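You will see two complexes here that share subunit A, one where it goes with subunit B and one where it goes with subunit C.
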Partner chain A sequence: MKPESAPSSLGSGFLLSRLRRAFRGTLVWYGFLAAPLFLIMVFVGYPTFLAFQQSVYTETPAGDVFAGTFHFQRLFSSQVFWGALGNTVLLGVAFLAIILPLATIFASMLNRLRRGATPLKVIYFLPQLTSSVAVAIMFNYVFQPDWGLLNGVLRSLGISQLPLWLADPRLSLTGSRAAVTLLAVWAGLGYFIIVILAGLQSIPTDLYDAAAIDGASPLQSWVHITLPSLRPTFIFLIMTGTVDALSRFGDLWTLGGPGGSPARSLQSVVMYMFQQGFESNDFSLSAATAVVFFVIVLVISAISFWGFLRREFKAIR
Partner chain B sequence: MAVDQTLAVTGTRATPRRRWRLPHDWRGQTGMAIALILGAVVMLAPFLWMVATSLSRKANVSMPRTPSLWPPDPSLFNYFIASDNLPIVRLYLNSLLVVGVTTGGYLLFSSLAGYAFAKGRFPGKSVLFIAFLATLFIPFETRMIPLYLFMGQLHLTNSYGALILPFLAGGFGTFLMRQTIAGIPDELIEAARIDGASELRIFFQIVLPLCKPTLATLAILNVIWRWNDVLWPLLVTSNRDLFTVTQGLAMAGRSQGIYTGVALATAVMAILPVVVAYLFLQRYVIRSVVSSGVKG
Partner chain C sequence: MRPLLRHFLLLSTTAIAASALSATAPAMAQDKTPVTVLTIGYPDKDSTDAVTGTVSPGIGNLETAFEAANPTIDLVVTNIPWGEGATGYAPKTEAMIQANESCLYEMPGAAGYARRGLLSDLGALIAADKDFKNVWGKQIETDKVWGPTAKSLYYIPNNTGERVIHWDATLFANYGVEPLSKNPTLDEIAAKAKALTGTDPVTGQQTYGYYYQGKYAVWQFLSIAHAMGANWGSVDETGKMTVTWNTPEYLKALQWFVDMAKYAPSGALGSDGMPQGFLSDDNVVAIIPEGEQGYFIQPLIANPELQKRFRSSFNLRGADGVGGVATISPMAMAESCTNKEAAWTALKWLAGSAESQKYYFDSNGRIPVSDNGAAALPQIAAFPDGDVVLTQPQFAEAPYPWAADQPRWAMQTALEGALAGTLSPADALAQAQKETDDWLAQQAVQK
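Up next, the complex of A and B:
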């Protein structure tokens, strides 16, 4: 690649200058790209290829044997996989259904508050900076049935039938899945509020002035102006929130181990993948799960990109 | 604002004795303030309760049935036990090393690739850029198990290399840097080239200083991601001497769970420095997270 390595027999000066110009023009850019490209190919491209490859092969002592769709059939006939996928989807849907209205109300209030909005924002955002592991450890005790913070507060409010929260694997509003949903809402609220606030501040104020002149009450203009104007923000939050919810791992692992105890009620898809690949050494099944996970995320990303982001980017430009 | 002021001025002129009066929407403002402060109490209560419990030695044996935000027997006992159980200083040094090197590398390699894609003209540029962008659509979880096996083949499991190497370059940083560098006028770079500056010098002395805000955003995001990551360290390191803070906390949380005070003291030690850093940098942190639209 160095110009000096050129054969110097014929017109070395001319060739050297041409090579130097070519180097500056083109080769230097490959130089800039070499290291990042190498890293991406080795640590992103290659393992992704391996995941796809491993999902259609079976490891045997004699080497890998082509298995076709065998591992996918195993995966799709596994109750545990469907349980994990069902958990992940259920937790994601419940999370979004609670956090979106809540964050919208809080953001609207923060937006209209004349004093003290900044310290409140800082407080609401605080859990976002705390690792999901630390949040899970904290809430493990908050949800403790006998002396936990939550049940303690409920008891002082006069409630006698106190829920078991994390210890109750049943599908109920006070069971383990409800507990981890509350945890996620608590942890994610600040982020949702801040993003919705940014959306609120981009709504032109003359819309509100016009509505006020027409005699609309604040509530009416909130319903007819604010909420429709926030549509792109909501779509963005739903899309990114779905992908985040699908890849949920750290807090559930800390609370329930790779199996998502109690009774696998907290096992997510990524935890299933982790357990099959890391603990059971069933790499093909884990790879098949990875491929399914990849397809689901790709579909959601594609919908969000083509259906929403493209239009938004055009609007900004 | 201007309308309010004129009204206030005319108001004072008409009734000079009334200097101050409640704003017309004081009910709404007070109601919202109460609701928001209640919300903030709910956000803070678990933190305060955790700190109070971590300072109580009795918490390991029995907890009061009514939660208290003040320890009945304030002592640092749990913190001594927690730092005996877990080499917390070592964990911090590990986290600082891993987060520091990955962030430095991520910024450098993202900028290098971003510069080439923004200002370079070379065959294969669009194909390579699409390849970089495609990595954005590959969740880490898809490739984590093969990557873990690959690390084994490289004899890198249980090493800092395994914690650092996979995160040195990425599509997101490259994309963000390309967008930023594309906004730098070509004339600036051309002028430096005519003055005889080498491409590397242009990159380090002209391009990078102009990208400081984006680099800061990228640095903050990467620190949050890497500091909080637990999935990859759990897979690739089992040697306690290599644990990061988050990983050590996750392992301790699962093993010492019955000793409430000690477990919560560990959690406080893991969270506190991050919280303090956040309080100083909150404006930049919030802006970075929101502007990029990616969560930690």
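Up next, the complex of A and C:
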């Protein structure tokens, strides 16, 4: 028996020594990483698994019954879901379409300042530090059609047909969706400015010197050097901004309530998910919504990654 | 004797005396019949509002008042917060009733527990009680729900919120319009709202005849519809719910509501509170059918001058004599309660006595549900419309079993569309019906 067991003990010794070599000096770091990994698995991984599981089951008094794709069929046949998804996409696209150019212009101007840039950066960033619920409550007063701040200013300018803002569910530039987009831009502008400013300050000055020697105007330098150099920054902001916009909840919930008032114009997918789960106690439909939302975010992230970042990763290699 | 030793002996003697006293206390309580009760959301201890200085009495005050009035019963109160989700009152109530932890329950979801056979039939207790006096008015009838086999009374309102119709007496006088009746009709409201919309002849300000809180418009609409003969539906003995939004009565009511919205401020649809200037000289809205207790009672008590200007009328009523959303907090008795006689005495006191009703108001601002309200709260009884404020809850509709479920959101959203003009009233009701039907079908699968 002994000759037979010898190769096996040799093999395990070899494996152990290889493992020891591989983890020498780094094992302790795996220990440190194990604790957060465990917490993520318990508080993110396991609930995510449960959501996937719940989406294919129906709760009954006798226990959960397998339902297959039933809840997904219900979801895809619900006009309310499609409306919420449409709102989410619309609000996200409008937000990014406004905030990116605006933040780029503000950051470029700030970058040119010799004095006073720091206080301005602090002022622009302050809304980012304010709770989204507090911001929403404040903007509820700003957009109040009869006595709100914004319409007060418009009235003092002699405008008689005042917009209804949060009381108007129509798709218009002065409706509820436009109001919450302005709110989001106000709240997020500081963060976008700071990130773009960091991108601007990482552009080598040699490029501008060379352009100046070649006779390029400041505008030409901005268009041909600054904007292309900011590509990774824009990609980062588009990716994170998209996910943030898709998962928007606190301010919309505060302004629109569970139903996304008025007339569901402010209902996002996350609000729909919350309403189905915690207002209507339909956790299976809520879980199905979560799964669909997960897939949407995954697809957007994958497209962004492969479409936008491939060049950057190739450059690093 | 050394001072240290003397102090030690003094402390020891005090501790022994204290433990002897506490040992005798339960013996005294054993002479009484214990009745356990679950209450929700009252202060555990006396607390003072940091801004107003108002003192909210702790739940111990209710216990003391009860035992003073009922010396043979030991009321044992378990007071829990409302909470939310997994830590909310609902799972705690479920756990307590499953474990027979309490005899009496303040129980917002009482109808569901009644259907499951977990609650005592109070109708039977009333029938056997020669001294029973109905101090809850029509609620004893409207609050009947399905038990396991038949419809009966399984809970009694403990305290409540309410909705009255406010009207601004100054604006009525400025326009020379007759004051609103105590029991206004839809036609009267429509005519006066129209007359009161325009430029105030005295102040020159733009005024509005009507108001609604856009985000809670469903409650006002249901009162209007009920007054027009609409009926939302029913729950049968198996717990199956039928909801009928798409009926001619609801259509007529929605058309009326959409018409009335023209006399409201343009921002009403986005509002979730009273109009700007309400309870001040700046008020510009004449008829405000949103008189929720939290908005007006304390300010009117604090400033009696306001009572003359901001008046109250009863909510709209249907042919059955009731109307207005019910926001009662029900008190029920567990079927598993072993000392029902004492528990019934406690339930009647908790839900109907002047002392308990005063406590609910002082601690949480809740309105009395019984005839004893005027005696409990003389400061409200002294309002020019004190009788309206104190007795409106007795005429409220039966609680809506779907009040926190999809039928509410379906109707609310449809209403918003109709009020904003993005949906016709007919389309709005069709949409509400479809969404509600889908939800009901899903509920049927889950049963």
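The criterion applied here is as follows: the second predicted complex is superposed on the first by the 261 of 317 C-alpha atoms of A that agree within 3 Å, B and C clash if a C-alpha of one lies under 4 Å from a C-alpha of the other, contacts with A are read in each partner's own complex, and residues count from 1 in each chain.
Note that in this section a residue touches a chain if its C-beta (ideal position, glycine included) is under 8 Å from a C-beta of that chain, and two chains touch if they have at least 3 such contacts.
Being a predicted model, the structure only gives us computed values, none of them experimental.
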item: Subunit B versus subunit C as contact partner of A:275, first or second or both or neither; value: second
item: Touching partner for A:257 - first (subunit B), second (subunit C), both, neither; value: both
item: Partner touching more residues of subunit A, whether subunit B or subunit C; value: B
item: Partner chain(s) touched by A:58 [first = subunit B, second = subunit C, both, neither]; value: second
item: Subunit B versus subunit C as contact partner of A:167, first or second or both or neither; value: second
item: Residues of subunit A that lie at the interface with subunit B and also at the interface with subunit C; value: 144, 146-148, 257, 278
item: Of all residues in subunit C, those that touch subunit A in their complex; value: 85, 214-215, 265-272, 276, 404-406, 409, 412-413, 416-417, 419-420, 422-423, 435, 438-439, 442, 445-447
item: Touching residues (chain side subunit A, partner subunit B) in the complex; value: 24-33, 35-37, 39-40, 43-48, 50-51, 54, 106, 109-110, 112-114, 116, 120-134, 136-142, 144, 146-149, 152-153, 155-156, 186, 188-191, 194-195, 198, 218, 236, 240, 243-244, 247, 249-250, 253-254, 257, 270, 273-274, 277-278, 283, 286-287, 290-291, 293-294, 297-298, 301
item: Residue numbers on subunit B that touch subunit A, as the complex places them; value: 23, 28-29, 32-33, 35-37, 39-40, 42-47, 49-50, 53, 63-67, 109-110, 112-113, 115-116, 120-123, 125, 128, 131-132, 135, 137-150, 165-166, 168-171, 174, 199, 203, 224, 227-228, 230-231, 234-235, 246, 249-250, 253-254, 257, 260, 263-264, 266-267, 270-271, 274-275, 278-279, 282, 285-286, 289-290, 293-296
item: For the subunit A and subunit C complex, residues of the former touching the latter; value: 58-61, 74, 78, 80, 143-148, 162, 164-170, 176, 257-259, 261-264, 275, 278-282, 285
